[in-house]
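The next block holds one structure in the form of structure tokens; read it before the comments.
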Amino acid sequence: MISHRDEVTQMILSAKVLKGIKWCDAAKAIKLSKEWTTAACLGQMTFNKSQAETIGELFGLSDEAIAWLQVAPYKGSLATAVPTDPLIYRWYEVVNVYGSSIKELIHEEFGDGIMSAIDFSMDIQREENPNGDRVNVVLSGKFLPYKSY
Amino acid sequence: MISHRDEVTQMILSAKVLKGIKWCDAAKAIKLSKEWTTAACLGQMTFNKSQAETIGELFGLSDEAIAWLQVAPYKGSLATAVPTDPLIYRWYEVVNVYGSSIKELIHEEFGDGIMSAIDFSMDIQREENPNGDRVNVVLSGKFLPYKSY
Amino acid sequence: MISHRDEVTQMILSAKVLKGIKWCDAAKAIKLSKEWTTAACLGQMTFNKSQAETIGELFGLSDEAIAWLQVAPYKGSLATAVPTDPLIYRWYEVVNVYGSSIKELIHEEFGDGIMSAIDFSMDIQREENPNGDRVNVVLSGKFLPYKSY
Amino acid sequence: MISHRDEVTQMILSAKVLKGIKWCDAAKAIKLSKEWTTAACLGQMTFNKSQAETIGELFGLSDEAIAWLQVAPYKGSLATAVPTDPLIYRWYEVVNVYGSSIKELIHEEFGDGIMSAIDFSMDIQREENPNGDRVNVVLSGKFLPYKSY
Amino acid sequence: MISHRDEVTQMILSAKVLKGIKWCDAAKAIKLSKEWTTAACLGQMTFNKSQAETIGELFGLSDEAIAWLQVAPYKGSLATAVPTDPLIYRWYEVVNVYGSSIKELIHEEFGDGIMSAIDFSMDIQREENPNGDRVNVVLSGKFLPYKSY
Amino acid sequence: MISHRDEVTQMILSAKVLKGIKWCDAAKAIKLSKEWTTAACLGQMTFNKSQAETIGELFGLSDEAIAWLQVAPYKGSLATAVPTDPLIYRWYEVVNVYGSSIKELIHEEFGDGIMSAIDFSMDIQREENPNGDRVNVVLSGKFLPYKSY
Amino acid sequence: MISHRDEVTQMILSAKVLKGIKWCDAAKAIKLSKEWTTAACLGQMTFNKSQAETIGELFGLSDEAIAWLQVAPYKGSLATAVPTDPLIYRWYEVVNVYGSSIKELIHEEFGDGIMSAIDFSMDIQREENPNGDRVNVVLSGKFLPYKSY
Amino acid sequence: MISHRDEVTQMILSAKVLKGIKWCDAAKAIKLSKEWTTAACLGQMTFNKSQAETIGELFGLSDEAIAWLQVAPYKGSLATAVPTDPLIYRWYEVVNVYGSSIKELIHEEFGDGIMSAIDFSMDIQREENPNGDRVNVVLSGKFLPYKSY
Amino acid sequence: MISHRDEVTQMILSAKVLKGIKWCDAAKAIKLSKEWTTAACLGQMTFNKSQAETIGELFGLSDEAIAWLQVAPYKGSLATAVPTDPLIYRWYEVVNVYGSSIKELIHEEFGDGIMSAIDFSMDIQREENPNGDRVNVVLSGKFLPYKSY
Amino acid sequence: MISHRDEVTQMILSAKVLKGIKWCDAAKAIKLSKEWTTAACLGQMTFNKSQAETIGELFGLSDEAIAWLQVAPYKGSLATAVPTDPLIYRWYEVVNVYGSSIKELIHEEFGDGIMSAIDFSMDIQREENPNGDRVNVVLSGKFLPYKSY
């Protein structure tokens, strides 16, 4: 009996290591980006029926688990308010060090409002570089203005 | 008597509103990106002597304040571990929702290691879009592998 | 020298008590709702130039303060993560007790996504009732769906 | 052996996904609003005997679980003081950004006191809109004045 | 220029020590209980105009301070979530140790609902006792039931 | 194998719902107040041998569980520093709003010291009232003075 | 104008360094232990009138400051829940490492109850030792039993 | 399979209640103080081989558990930064109220440094007293000076 | 079914105590430093295939566990933000007491930037000393400068 | 009037920037290591009389400030439990990632006990390296064993 999406995420992670599946294979199987697919497999997005079945087959999930993949999950993948994993912490540090600059520059260009984290996409690529390859990430989020009423 | 870089940041913010200076004007004055310049003005980066003098003239700062601009600052621009400002929070939410996916995908491509937040740059642009303009952000950070020893 | 919008908020609060101004008077003066106007006076929204001048005249603010009213502020009006004021706490309690229900019902009706807090309005009215008058609040926020990509 | 209402909530959530039950079906079955019914199913309200039996039949609960549905539960559905789920966070953000305004406006209209979260109801509706449908929520809470003594 | 009720509370506390005023004297002056009067002087309740003037005269407050006494304050007198002062901590400990018992017994007697902290009064008396005098406190709060809708 | 009193508390709560036992029945069985008995059943007080056996028989506990009832427990019944349950929160709010007043009034009457939470008793009664019944609570705690040495 | 005992503590600390006064001199002046006297000077205990005058003369305090010394203070001398100063942290560590042992041994000897921190005294002495002198601390607190009622 | 010393602590606590063993019996069995022995049984100290075997026999532990008793444990016996149990809290309160005084007096006598919590012993005794017996605790810790280098 | 690296860490710890394996034996088996090997066994580093197999044989792990050893783990070995174990706390205290000095001295020598915790190694040795042996630790981390762009 | 060592630290930092003094100059002036001298200037160590006078002359401090330099300070230089500055955070991350390994290896070599942070020294040097210079840090702390008693 499954009572939380996290249990399905754990099944996927367990199967992934046992079977040696790659996230990009999962993405190809459902013909979507590796970024969205990974987020969905990790319990942050909702699959539709046919995607859930494909994912279920790939990772060997039960019908109950496949049903849970189609339910909008309780989101949030950090165990603590400040992340402890060094890779994820660096992103938190970027928000900490550059947060006020990002705010100032978006307001200077667009006025008061936010960059949406819902109407949003992310693309992560390797950027070859003779001094050591770089991680290149493109974030795109719709600007949503505050309106007076 | 100034005893913390934050006091200089407040002088800059105060002068910016009074004089109507734009961050991109400050960037042009020192011929660097608007992202780095804004972060430096907000107390997150260190100016060299000539940059500090140019910034000091632009914002009308005292010699003491200009000296402080050349000292490596105590960094971190968030007042609380979880930011309360909606624009900055959306970035924290991206780390929260996508953090584990970012980790998985960087490891899948590069192996164990991190994306540097020091050897790092950021570029924020308006992306025109008929459904509403978008904020487009490119992050580039060197991959640093964990090595065994 | 003003270096944070909070200082302007304090000037407005001080003037409000000294002069006995009402929030609905401020709203009438700029011909907007009392909800948006109060939020803006309390440092959560950005006035345009003519609104800022009207508000400045009403509360007797300096030109510098009026300039700050036109700058997108760092938002968030709670002093602690869990509010201590009983009136505000009751709203936090509603989120605590009903939060999962709101999530379930919005997903049941709209699918995965959120109710925007930016493309959002609020209307607070007295609802007369023989058993004691009630506070009636209407919240309206655009539904923003998560999209796969 | 059940020793906390949370276990019953998990049984209901598990059955809901397995059987494809909708919250509005549960509400219809006990002839109450979908808002109160969902909150009760999620462990925030107390069912009476006949409601508990109807809910128990719908979700296939044991007699012990049905007995627990009739006990006043320990309430609170957030896992952390600041919610991490984006949909629920937006509501927390509304309290954060508008909290002081709500307080000021209720006091301006009613004097010192609070809007009850107990003698309280909520109604969530889809509001059709050519620019994208909106979530419309009506909250109604009795005003309770502070009295001197 | 006063911008927060706390400043008036500090004026009252300062005057109280300098002039040797007792809380029960303040209570007598406005013909209300010492419990409500002290809470109001400490910034937790709202005085009406005539009470505020009497209190203002007693403690030697300015007209501006007297105006602030008539504004519904931001409430909460603890500096930290868990109080550090031993006397106040003992009350927190009572809530910690007896909280679940109080909840169970009120529900057993009244059903689901709460004991109001708004429609509420408190009376503190010395209870003479040969083994050492005791503090006797009577709390009275209206029971507010949760209603289904 | 039981290794914490909490497990016995859960057995009691489970049996209570299954068997429909009331706290006042348990109190009558051991001829003590319902307040102390409930606190003891909920793992906050220590039963003597004969009380533990009576309680064990009433709730159908094992000998091991009965032995644990006679061991001084690790006390504290709140899951978080600030309670989330609305009924218990109202008590926390009373400490928050009235804490400084209680401190001032006890010091005014007794001098420096505390009201004991150990040499302490509590009595909860229904107070009938035409405007809605009230919860009446009497707290009695010995005053303990700070002594110089 | 003084509005909090902390201001008097700061005056005492400032005078102590400037004048080179020792805590044991202050204790001798009022003929009490150095432990109680230091705690009182640091804002944790209440002086009587003659003690306050002696202390006031020694540290050169104003009449207003001397009046504050006679008011029961808000106690608690740690700036954070977990102390950062290494000397004070070692005491916190003792409570952390030995806390459960202290609890078990006091209960084994006395039954359920506590060691009072109010009817309490402390004596700190140098204990000469060829392997390095030791700090010897004697704590004496009245045992207060929990009583059933 | 045991993977943390806490599991052995729970076995000891469980056996202690079932078999009615006293901590002072355990201390006598290994010929050490009751304070150290209890701390070691509660997972804060490391037994040597012969002590572990004696303790293992007394409490009926498996060989695997006995092996774990000889491994230096992860120490710390408080579940939260601020303890909730009233007996342990009183010790935290002593650190809170007297912490700064202890620091001042040790520095006055010894200079800058700390009282060791490692080269440390504790002795807890009943102190008979006609006004109610007292808990007498002697703490002895080596003074460790900070040295310049 | 394993769904988190922590489970493998617990298997290793359990086997280590049962079989009496030393960390330096594990290090020798894979011909790397004891510091890196221990960190990797404790779930903070990633083994390659042949290392994982050697470690798996040494500790008697299943193939599934050996597969998990080759996956980049979620890092961070502290259970709380401030560590409670005295040995680990001393390191936190070093960061607390010397943190600002380390920052100042690295900036004085190298300019603005950081000492890498990724391109990093650690060596722990016993340093014999007639006054008591010492722990000697050498940390080496690449300096990474902040660059303007 | 100075009432806390922090004020002297701020005077030193202010003078350092204005006069362009280096920490190693301060160290040379008092003939001690740059590590200890910087820590002492930043309010973490106690100067003796002659050191304090030399430092006072170098930074141009008042006699009162020089007196404060000779008083054992309240230590701890982090503003938050988890440091936000990237350089200092890397050290916290080392404790987080390697903390359990350090503990295991010290216990394996020395048995149960700690590495002292009081009888402790630190040496920071530039380590030239063709792949980029490194920060080399040597920490030396006396091993203090836990003893049974």
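Chains: A, B, C, D, E, F, G, H, I and J, in written order; residue numbering restarts at 1 for each.
The working rule: a residue touches a chain if its C-beta (ideal position, glycine included) is under 8 Å from a C-beta of that chain, and two chains touch if they have at least 3 such contacts.
For reference, the UniProt names are A, B, C, D, E, F, G, H, I, J = Cyanate hydratase.
Everything numeric here is computed off the predicted structure, so don't read it as measured data.
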| item | value |
| --- | --- |
| Joint neighbours of chain C (Cyanate hydratase) and chain B (Cyanate hydratase), given as chain labels | A, D |
| Option reproducing the contacts of B-C, where over half of them reappear, out of A-J, E-G or I-J | E-G |
| Copies chain I (Cyanate hydratase) and chain J (Cyanate hydratase) touch via same or different residues, half shared test | same |
| Centre-of-Cα separation between chain H (Cyanate hydratase) and chain G (Cyanate hydratase), whole angstrom | 23 |
| Chain B (Cyanate hydratase)-chain J (Cyanate hydratase) separation of Cα centroids, rounded to whole Å | 29 |
| Gap in Å, rounded to a whole number, between the CA centres of chain E (Cyanate hydratase) and chain D (Cyanate hydratase) | 31 |
| Residues of chain D (Cyanate hydratase) engaged with two or more neighbouring chains | 35, 71, 74-76, 78, 81-82, 84-86, 93, 96-97, 103, 107, 113-114, 116-118, 144 |
| Contacting chain pairs - touch in the sense defined above | A-B, A-C, A-D, A-I, A-J, B-C, B-D, B-I, B-J, C-D, C-E, C-F, D-E, D-F, E-F, E-G, E-H, F-G, F-H, G-H, G-I, G-J, H-I, H-J, I-J |
| Complex interface listing, chain E (Cyanate hydratase) residues touching chain F (Cyanate hydratase) | 22-24, 34-35, 38-39, 42, 44, 75-78, 81-83, 85-88, 90-110, 113-117, 120, 122, 124, 126-127, 129, 131-144 |
| Chain J (Cyanate hydratase) residues touching chain B (Cyanate hydratase) - in the complex, by the definition given at the top | 10-11, 13-14, 17-18, 20, 80, 82, 84-86 |
| Chain G (Cyanate hydratase)-touching residues of chain J (Cyanate hydratase), taken from the complex the two chains share | 1-4, 64, 67-68, 71, 74-76, 78, 81, 117-118 |
| Chain B (Cyanate hydratase) partner contacts - residues on chain D (Cyanate hydratase) that touch it in the complex | 82, 84, 86, 89, 93, 96-97 |
| Residues of chain E (Cyanate hydratase) defined as touching chain D (Cyanate hydratase) within the complex | 32-33, 35-36, 40, 45-46, 51, 71-72, 74, 103, 107, 111-114, 116, 118-119, 121, 144-149 |
